[in-house]
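So that we are looking at the same thing, I have put the structure below in structure tokens.
Chain lettering (A, B, C, D and E) follows the sequence in which the chains are written, and residue indices restart at 1 in each chain.
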Amino acid sequence: MAGIKNAQAPRPLLDVHNLSVAVKLASKARAYAVDKVSFSVGVGETLALVGESGAGKSLTAMALMRLHKAQTMDVEADRIDLLGRDIARMNDREIRSIRGSTVAMIFQDPLSALNPVLTVERQLVESIVLHNDMSRSQARKRALELLDMVRIPAAGSRLSEYSHRLSGGMRQRVMIAMALAGNPKLILADEPTTALDVTISAQILDLLKELQRDLGVGMLFITHDLHAVRTVAHRVAVMYSGRIVETGDVSKVFNDPSHPYTEGLLAARPHGSFVGAAHRLREIPGTVPAPADRPAGCAFAPRCNRRTAECEVRPPPLEYVGPAGFACYHPLQEVPA
Amino acid sequence: MLRRVLLSPAGIIGLITLLIIVGMALSAPYVFPKGPWSLVARPYLWPGQREGLIFGTDALGRDILAGVFYGSRVSLLVGIVATACALLIGITVGAVAGYFGAAADAVLMRITDAFQTIPGFLFAVVLVSILSPSIATIILAIATVSWPPVARLTRAEVLRVRESEYVQSCKVIGMSAPRIILTQVLPNSLSPVIVAAAVLVATAIITEAGLSFLGLGDPNVMSWGTLINVGRPSIRTTWFICIIPGLFVVLTVLALNLLGDAINDALNPHLRRR
Amino acid sequence: MDRQFWTYLGWRGAQSLVIIAIVIVGSFLLLHLVPGDMVDVLGGQRGDMDAEMMADLRARYGLDRPVLVQLLEYIGAVLRGDLGYSFRNSTDVLSLVLQRLPTTILLVVCSVITAVFIGTMAGVVAARHSHRLIDVVISMVVLVFYATPIFLTGLGLMIVFSVKLRLLPIGGLMTPGFGGNWLELVTNVVTHLILPVLSLSLFYIAIYTRLARASMLQVLEQDYIRTAYAKGLSTYNVIIGHALRNALLPVVTMVGLQIAELFGGAVLTETIFSLPGVGRLAYDAVFERDYPLILGVLLVCSFIIIMVNLIIDIIYTLLDPRVEVSR
Amino acid sequence: EEPVRGGEATFLMSPAPQVLTSAMTTAGAEQVVSAKISDSLFTYDFNLNPQPLLAESYEVSDDGLRVTFHLRKGVKWHDGVEFTSEDLAYTTMEVWKVLHGRGRTIFANVESVETPDKHTAVFVMRRPSPGMLKSLAAQYAQILPAHIYKGTDPLTNPANLKPIGTGPFRFVSFQPGDNLVLERNPDYWDEGKPYLDKLIFRFIPDPATRAAALESGDAHIVPQNLIPMADLERLEASGEFDVTTKGYEFLNEMEMIEFNLDDDVMKDIRVRKAIAHAIDRQWIVDNILFGYGQPATTPLHHQLTELHDDTGVPQYEYDPEKSKALLEEAGYKADANGVRLKLVVDPLPYGDHQQHIGAYMREAMREVGIDLEVRAQDFAGFVKRVYTDRDFQFTVNLLTGGSDPTVGTQRTFWGPSFKIGVGFSNGSHYENPEMDKILEDAAAEMDPAKRKELYHQFQKLAMEDLPAFPLVAVESTTTASKRLKNHSIDANGTYSNFAEVWLEPAK
Amino acid sequence: MTRRLEVADLVVRHKTRKGTVHAVAGVSFEIGAGQTLGLVGESGCGKSSLARAIVGLNKPTSGNLAINGTAVDPRRPSSRARDMQMIFQDPYGSLNPRLTVRELVEEPLKVHRLRSRAERREWVKALLDRVGIPETMHDRLPHQLSGGQRQRVGIARALALEPKIIICDEPVSALDVSVQAQVLNLLVDLQREQDLSYLFISHDLEVIRYVSHWIAVMYLGVIVEIGPVDRIWKSPLHPYTRALMQTTDNREMQAGPEVKLNSELPNPLSPPSGCRFRTRCPLAIERCAQEEPQLREEAAGHKVACHRAQEWASRVSAAA
């Protein structure tokens, strides 16, 4: 399937330069769970951030909104431009003022992300009142509108419900409605469908895609589901152990990957049946290193069959070829010397 | 784990204090070979009033320091034995109720509830006085009123562990229920109970002191409670008789709690690191 | 509150009945199987009762029949709302207990409220600044409270505030023979209660502080707190609006579990501050082998504790809509 | 000093009274409070001579079989009804003789009470009872209003909790277990009295709290050793409080060892003597009683000045060597640890003193090779063990001697008073016909000199046979604010009616 | 082909305070030697309940079970252990955190008192070697292993008693994609080597397709479609199966009615009357509400429970 084509070159909405997140470990050492990642999201564009568990996707999103745990983590960044303002230099008040209004978030597990003891209405209205100059009754009306917008049937009666009474899909819709309450320009969606069933997940992906198109917001879509990336994203950035190893248009990256990891990831997914074809899946040997155990050079080197001595010395830089880029000394397209 | 405990300042302070008190308990017969009861001087001597009697004498002219030394033996003994009994009852009840559920659970938990709805200390007072105060009845009474929380805690943990996949997997490999309880469920559900045990010992020591305060201590056994009881009527004048052993109670309880907290902290990240 | 809630309540009610039955049978048998009965004590105190007179008394009080018969009769009487007669006090047990109950309830309720209120506040503050100086200070202070036996706290407070400073009365529930309007009466009772309540609640303040701190820390880790921050709420609003209510849930549960202990602790407090409550009533009754009275006190206390627990369950249901699922 | 009218005095007690009349109970708390509400026939001076109260005078016939009381006229019950000889007759015959623990003994010989007129009552005796006249103070002989009690069950009469008396103070309110409030009786027969407007009793179980209450000025008077002895010195030294031992002449408490003569070991008088010699009673007086008492030389308290006489009475001075020799003689050889025999003592669980004496004895006995265990139990357990199960070796008991040997001491040594199940009777199970005869004769002897001689024989014999060993004659203390006057002016002390008590206004 | 496992009319009910859930409402299937039956369905449709009932962790309400042709009382979870084992979903929760890798794998042998100590050691070593756990890790505790390694230990443990049937309840759902492939390959290899039969549960259709010989689709406690992997993949007949296929990259599915789901699973406490799927089915007709469709064979081994299945079946066969 083809990725969604984005007609004109996007105006940058979010421009991140060398964002790092250092995690303080028990032994007082620090490890970079996110290591100098740079990316941008254009207006009306969806950038998918994919990678396996522990790659640092969530931390990246958290760090942008400064929602990381300050006691155990430090965030460093050269620059994080959001609509021309550098949010890396903002103080807490300023950050708070963009949370929910300019940037909204959707989380992976809607059950735990909704407050269990407050009604849907209370939580929705809270967001609405916070970011719009509205009375309570106006806010209630707006809440109903939002629930309709995310296609919750019988929205009126859902307002007084508690989250545990809603189904998984419904909860995620409520989360999305809450995210939309402040009319954000950018939505950070952290694995919004991972906790959901395939059928529901498809519905939510459709909804997100539609909303994003209709409202023209930018979206940073975090996932490890490659199929989901194809469905909703324009561009994709592949993360591996805290670094972006490859980025580019979805169709380019998926159909013609440059980085061996990207390729391995794509090939590891079952395609077809072993019964007839009797083929085995492509394995990537080993496991993702934890940030503290990351080797000096290319983080993927220990698992890579193309590695050379060079790979183990210094991490390869992310090099751009047009809009696409990859971080590998031995990309797949490399003409063997 | 010990290392983790020792890494936290609270753990170290707690452990050292406790070791000192245990040391006092062990060394008592050597330091005071004549025992805690011998009448060494005039009653109500103030601390330091007479050389060699740094804590003074009690209402009968016994050396309070000796009493404190010997008292630590009894207080620790009461604390530990009562806790051991409470743990034995509580863990058994909790494990059976939690693992087998259904009728066993209903019956055992109602009994536990019944014990929990009777005011604990009051019940201990009733028990000790009708059975007549002795170290055995005091231990019995304390154990009787302190097992229900252990049972609840164990049950909750067992319920959690029972549903875990590794217990399921043991059922699938054909392990018998008793063996599962003993080798799988209990070892994995007792950490919070161990933490609670430290606090239980502390509570037992306080309860013993409280009972003695009401005159329900064992008169043949020198505990901190005994001293407190002896000193209590004259607390307005010779407050030290009451306060010194009282401070030791406070210290021990503090130490046990600090240690319990440290163990808890040491166990927790371990469990959370998944 | 829907039907489910009422079914649940009915279920809890049934459980409570079973518990009370266990308490009755258990304590009755316990008290009747130990040596020494009320007549022994009576005989002892009167000094010159002969065996016949004692046998007479036993017959009169029904103490000469088989224990099981006595038990069945007792249960029958309890069902009729009759807790027996305290011959020592020449009054029926129920009215005796009811006369003393308000004092104890006042003491316990005030202590619970104080402990929960101060404890939760301290716990929230400590959690909010966890691992900083204020947290350490709160934790240590509270631990010392926790480690100090109630009687030491009580006597200490009394010596300082009543004897040395002469700020507060020494004991009792109110000035004997107090006559005044209700406002003066309330003031009078309050001044009498300050020290007992404080000494009883200090221990529990510690428990609630630690609990509230732990629970707050745990709640602050939850995803919905992150959601609240992501909405753009201020820390204050997040804590008050989102975290507190969730953090209170274990506190509420703990109140239920601890109410019985507080009644127990009341024995000591009432003794030290000479409050005419049920704790002291029971304590005196024990020494006089006034079995109907001891039983009555235990029973009424259990009953109240069970009722309190039911109320707490209802509060819990109001605070946490998930109960219908989790219980 | 000129008494001042007015003021409220607070009286601390423990335990709390359960009812407010003492006509049916021997419990001390009831006696103290009811004496203020209801007057008795007499009060007693320090030498235990009766002083008129409701009885203006009395006479005894020569054979001692008719005792006539002339009652005071114009005395009214608090409800306005006149007090008459009918009240006395009713109370004597239907209450004291039937329901009062001591009364049953004291008035055992009263056959009937004749009431020739409203103000004369004649006690018709079966045998002379000289001791009876020592026992007509309020604590043993509180008179009840016949118009309220007659025809009811006195034990459950509601007036027990809302008493109607003839005394200087009227009932106002009673919070069981907490306080009792009395007010001045304006119609009191002794016009002008009482001086106090209000008398408040507070029942405080904790000794430290009592001391604190006295010190903080919340209370004015605390009777009967209810202030810890250790505090007395300091309180006295403060200059604000008085400590007095006056006013307990009728009480005559004695710390006494009762040996169980049914016990194989205790049967042996050498062992009993050995125990007696092993105890330093002066130590007990000095260190446990803080000097409030004397080593007892006979079973009769030294405050019973008329009868107490230790001339020629065998004494058991503190002498461990003698004690060891006696044990040796009795066949108890020391083992490797120096232990000759193991014994158990049961101290009466009432107050701390017996426990402390027990604890002291454990140490003292060790000196002579007796390994002593001090058993703990509560009051009920003690009574049952000693008087019903008789499962003990010896006790440390606190026995009330009373105003006359017939009231108290007699039951400990008189054979017939041994009854299973009866508390504080003849706990030793001592039976000696000679002794029985002496006691019976003495009880009925009208001639004071002969009576004294009989009791002297009693004291000698008791100390020879040693069924019980009197340790210490206790002197009880009353601690009171110096502002409170006239509270211990007769033998009844704090048990008297407090009509004379007055409170100096605070400066 | 021998029948390893036969399940007939299995019913599992869970009593809850709110009512009774018919988690498995009459399920029948069989698995042959060396074959895999893949079981898919949405969360809550009863897959785990079914699996647990088969291994004896749940007591089924009714139904029959036969292993190698011999009937086993499904209500008595006695010694099925040596014929049948299970691999669990959660690689973190399925191993006792206090036992070493070696002990974990040895445990089943000890329980059944099989082999001598030395033999046991040998066997454990061989097993761990086979699943790819290097000897250096044999004395580690579970928390010192990665998710994939744990799952391998779980597999070795399941194989210790040399069972022929293995029930795999979502064995790879919790694993990273790159590790998933390793485990899937291992499972497939083991099957070939040892002639194992799998009941393989997943909600990932691609995974199911990869490992299975047969696929069964479950919906609210019943199997709505079952058949050989290729048939199901290429010509699914049940609208629900078709809806599931839409969520994959299945490009081989034959044209048929477009089924897009817009609603969620109904409350399992009160499943709809008639066809359970009708409330979400865009193709439902009146009959669906009245009559519960039975599994009917539409082609060799391919059974569907849908009143309208024949309509598309004829079209499919026409197209074929």
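Please note the rule applied: a residue touches a chain if its C-beta (ideal position, glycine included) is under 8 Å from a C-beta of that chain, and two chains touch if they have at least 3 such contacts.
Please read all numbers here as calculations on a predicted model, not as lab measurements.
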Separation of chain E from chain A in steps, with touching chains one step apart: 1
Graph separation of chain B and chain E (steps between touching chains): 1
Chain separated most widely from chain E, comparing mean CA positions: D
Most distant chain from chain A, judged by the mean position of its C-alpha atoms: D
Maximum inter-chain contact count - chain pair: C-D
Inter-chain centre distance, chain A versus chain B - centres from mean C-alpha coordinates, in Å: 52
Averaged-CA centre spacing for the pair chain D and chain C, given as whole angstrom: 39
Distance between chain centroids, defined by C-alpha means - chain D, chain E (Å): 89
Distance between the centres, which are taken as Cα means, of chain C and chain B, whole angstrom: 22
Multi-chain contact residues (two or more partners), chain E: none
Residues of chain A engaged with two or more neighbouring chains: none
Residue numbers of chain B (touch at least two other chains): 129-130, 232, 235-236
Parts of chain C lying in touch with chain D, wherever the complex brings them together: 35-38, 40-41, 43-51, 54, 88-91, 96, 99-100, 155, 158-159, 162-163, 166, 169-173, 176-177, 271-276, 280-281, 284, 286-289
Of chain B, residues touching chain E in the complex: 164-166, 168-175, 179, 184, 187-188, 271, 273-274
Parts of chain D lying in touch with chain C, wherever the complex brings them together: 10, 15-16, 18-19, 25-27, 101-102, 104-105, 155-156, 160-161, 172-173, 175-181, 198, 200-206, 208-209, 212-213, 215-218, 378-384, 387-389, 411, 417, 419-425
Chain E residues within the chain B interface of the complex: 52, 55-57, 77, 79-82, 85-86, 88-90, 92-98, 107-108, 111-112, 143, 154, 157, 160-161
Contact set on chain B toward chain D in their complex: 37-39, 42-44, 59-61, 129-130, 132-134, 215, 217-220, 230, 232-238
